[in-house]
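A quick write-up on the structure given underneath.
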Amino acid sequence: MTAFSPEIQVAIARTRDDVARLHEELVRYELVVWTGGNVSGRVPGADLFVIKPSGVSYDDLSPENQILCDLDGNVIPSTPGSDRSPSSDTAAHAYIYRNMPEVGGVVHTHSTYATAWAARGEAVPCVITAMADEFGGEIPVGPFAIIGDDSIGRGVVETLAGHRSRAVLMQNHGVFTIGKNAKDAVKAAVMAEDVAKTVHISRQLGAPLPIAQSAIDSLFDRYQNVYGQEPTGALK
Amino acid sequence: MTAFSPEIQVAIARTRDDVARLHEELVRYELVVWTGGNVSGRVPGADLFVIKPSGVSYDDLSPENQILCDLDGNVIPSTPGSDRSPSSDTAAHAYIYRNMPEVGGVVHTHSTYATAWAARGEAVPCVITAMADEFGGEIPVGPFAIIGDDSIGRGVVETLAGHRSRAVLMQNHGVFTIGKNAKDAVKAAVMAEDVAKTVHISRQLGAPLPIAQSAIDSLFDRYQNVYGQEPTGALK
Amino acid sequence: MTAFSPEIQVAIARTRDDVARLHEELVRYELVVWTGGNVSGRVPGADLFVIKPSGVSYDDLSPENQILCDLDGNVIPSTPGSDRSPSSDTAAHAYIYRNMPEVGGVVHTHSTYATAWAARGEAVPCVITAMADEFGGEIPVGPFAIIGDDSIGRGVVETLAGHRSRAVLMQNHGVFTIGKNAKDAVKAAVMAEDVAKTVHISRQLGAPLPIAQSAIDSLFDRYQNVYGQEPTGALK
Amino acid sequence: MTAFSPEIQVAIARTRDDVARLHEELVRYELVVWTGGNVSGRVPGADLFVIKPSGVSYDDLSPENQILCDLDGNVIPSTPGSDRSPSSDTAAHAYIYRNMPEVGGVVHTHSTYATAWAARGEAVPCVITAMADEFGGEIPVGPFAIIGDDSIGRGVVETLAGHRSRAVLMQNHGVFTIGKNAKDAVKAAVMAEDVAKTVHISRQLGAPLPIAQSAIDSLFDRYQNVYGQEPTGALK
């Protein structure tokens, strides 16, 4: 086992706790079924991240069976959980952490409404103020890319780099979200599905009214800087 | 800390209990996700109201962390919860309490179906008897207004003043409901989403049949005066 | 208080238990919101039925606060719960019990999909085998009728008399179901919403295929006489 | 009672546990209402399977009241549960076990979206990667067949034999899934409904983009051989 400093050991333990617990939010908001979906979190102060094991039931997740990886997606040997395979999406998470240093958390789901837009390759237009608050505009579409190499991670990064949105709809696949930390990425996953659903339902019976760009800008700025107990500023 | 009379202290404590507990109904009926949505309640006998703190998880709400405000939306210093920011919608709630003295509770959500109608700027037509009972006709649409000044509160008041409905769809935004007290406003929020959903689904496969105005009037009158254990009369 | 024989007292107590407990199924299957909806059960061997109190939360229902009525819908004085008003739909339940002696239970809800069909005044066509099993054909539509006299009960009875279906969609209103006992009527309410939802969703993307009448007849006959641990035969 | 070897007795007990417990997943994912739906599991090493009793509430299922049958669907006398009738779909399950020796578990539900496609007699097209992973292509439609003889089982076997999909939509009826064991069949039932729902919703607002056959092949191959902690290879 790599020898980590006491500070890093504490940071790893906290990240394990966060990542394990945050998976419960995916279940609570019905963003996942069976063993699908995954959350990861960067270990602050280290080139490491913690991610869900592959194909394990949400009922059985614990801090101890989350898997510690380096930024190339290699499992750190002889650490808790290292006898298991990490999420089959680990390469995509690793690519994002390597290429977006401001990102501290990544979530991937096949949540129903976000994936429905993704299957049509269609961005969710920003027609409700909650979207302007949270995503600063539309939720964009990334390329079709299949699992097995860097292509999913690269598609996420190329789509989100320089974009206000913390969520991207990967064509025919599902949604990836990023955040300052794992909790922030989970919030983005929850909100992405919520707005994808609301806009879908609105469009079923006609055309939603547009929101002026100036209003979108104003809402996004305010929400990133004023909302909540500790406004933290936009990710980028 | 302002010195409140013992009677007002009791009324504040009861309102804190009610407001904290009533937030659970927003979760139970899936009207909210993450930290979105808020309930407030006027303190009977005082120019005060109690409202949810901003950006706090529904799991963590308690009577003690609800926030006491005056009718201009200022937090009353040195009271429980006053170290936190109140809901970012506090100005809208305060405007409603200042301008509608008959209102004892206000609720705001982005519940899915109500917001879907709001995104199209379209009122929910009164085509089911439960709507006639509860709202006495359509659920109207209020103006597009962004957070940050009195414009949301003013839009709510201008739309609902003189209207039977206790719910208003704020364009591209979500729904505000009012009531005699916080519980009554929460009931209106639950019923608004329920009827917005039912009418949406009905219209997906054709045109719902209209209900004659005389029947709507009769149903509204009866429901406000006969239903339940303590019929209380209409709000206005 | 009317003096009931020991046997009737036992039957009343059992019916109170059943009716109180069966309301939980309406909540479990999300057929109701807030205090809407109601279940009643006939007391075997007596001209009495037990029904939910008006406007009481589902969390607060117990055998003791269910209300005992005669077949004209009058509350039996000095019995548990008799200090409260019975469901505002009591007159409709009473009318059904008076006119359909084979009915031992009645349920009324505004469940979403059933009510959506009802708002268009459109019967649910029998295009899935579960509907053939349970209802023996379409779920028919009853007349528009408003609360306050016998018109709802009369509309239910006129529509269901001689019909295989135990469910009727009351136009612009909601659904009434009947059964051999309260549990059977609750099952019909659960199944009516389930099939109303499935057929609605099927029709959203095209025309469901018809089922031959001979197959519907065969499925209905078998299900009424073979299914379950104690096949009981059709209601009528 | 037939005398079973100690090894078979252990295998029967384990299958009873699995089958009883796996029914909870049908409830958790809302694939069933009331007493509809059923899971069965083949007893490893014996010509036997365990199935749900007919018409019993999901709350009341236990290992002891599951029913042990031979591969003709006959209840094994004097075993736990043998005083009850097995699921009314037992003949279909038995037919599948007799004719597909590689199948160790079967599930039948009327889950909403799968049944909605089935009512139109329309296969779910493979337009999301999760479908390619799990089913290797479309979910096919089987014939209209009514309960009472081998026709349902024969329809399932004829449709799935030689097909990658472990799920079949039986026309106007519902969905049957098969798996290596009962858990694998339940997973297929959960995933079938999930993808049927996502593709339905996607198509409501336009045409989903196709996925190239080569990508479908690649995803299916990888998922069957790499995903999870113990990749097990495709069923066939």
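Per-chain residue numbering starts at 1, and chain names A, B, C and D are given in the order in which the chains are listed.
Convention: a contact is a pair of C-beta atoms (placed from the backbone, for glycine too) under 8 Å apart; a residue touches a chain by one contact, two chains touch by 3 or more.
According to UniProt, the chain labels map to these proteins: A, B, C, D = L-ribulose-5-phosphate 4-epimerase.
None of the values given here were measured: they were computed from a predicted structure.
Chemist: Are the two sides of the chain A and chain D contact the same residues or different ones, given that same means over half of the numbers occur on both copies?
Modeler: Shared-number fraction below one half, so different.
Chemist: To test your reading of the model: what rotation angle superimposes chain C on chain D by C-alpha positions, in degrees to the nearest 5?
Modeler: 90
Chemist: Based on CA centres, what chain would you say lies at the far end from chain A?
Modeler: Using the mean of the C-alpha atoms as each chain's centre, the farthest one from chain A is C.
Chemist: Find the geometric centre of each of chain B and chain C from their Cα atoms only, then give the gap between the two centres in Å, rounded to an integer.
Modeler: For chain B versus chain C, the centre distance works out to 32 Å.
Chemist: Round to the nearest whole Å and give the separation of the Cα centres of chain B and chain D.
Modeler: Averaging C-alpha atoms per chain gives centres 46 Å apart.
Chemist: Spell out, as numbers or ranges, the residues of chain A touching 2 or more other chains.
Modeler: Expected reply: 204.
Chemist: Which pairs of chains touch one another in this structure?
Modeler: A-B, A-D, B-C, C-D
Chemist: Residues of chain C touching chain B in their complex?
Modeler: 33-36, 53-56, 84-85, 88, 110, 112-113, 115-122, 144, 146-148, 171-174, 200, 203-204
Chemist: Any idea which chain C residues touch chain D in the complex?
Modeler: So the residues of chain C in touch with chain D come to 29, 127-130, 187, 190-191, 194, 197-199, 201-202, 204-209, 211, 215, 218-219, 222, 226-229.
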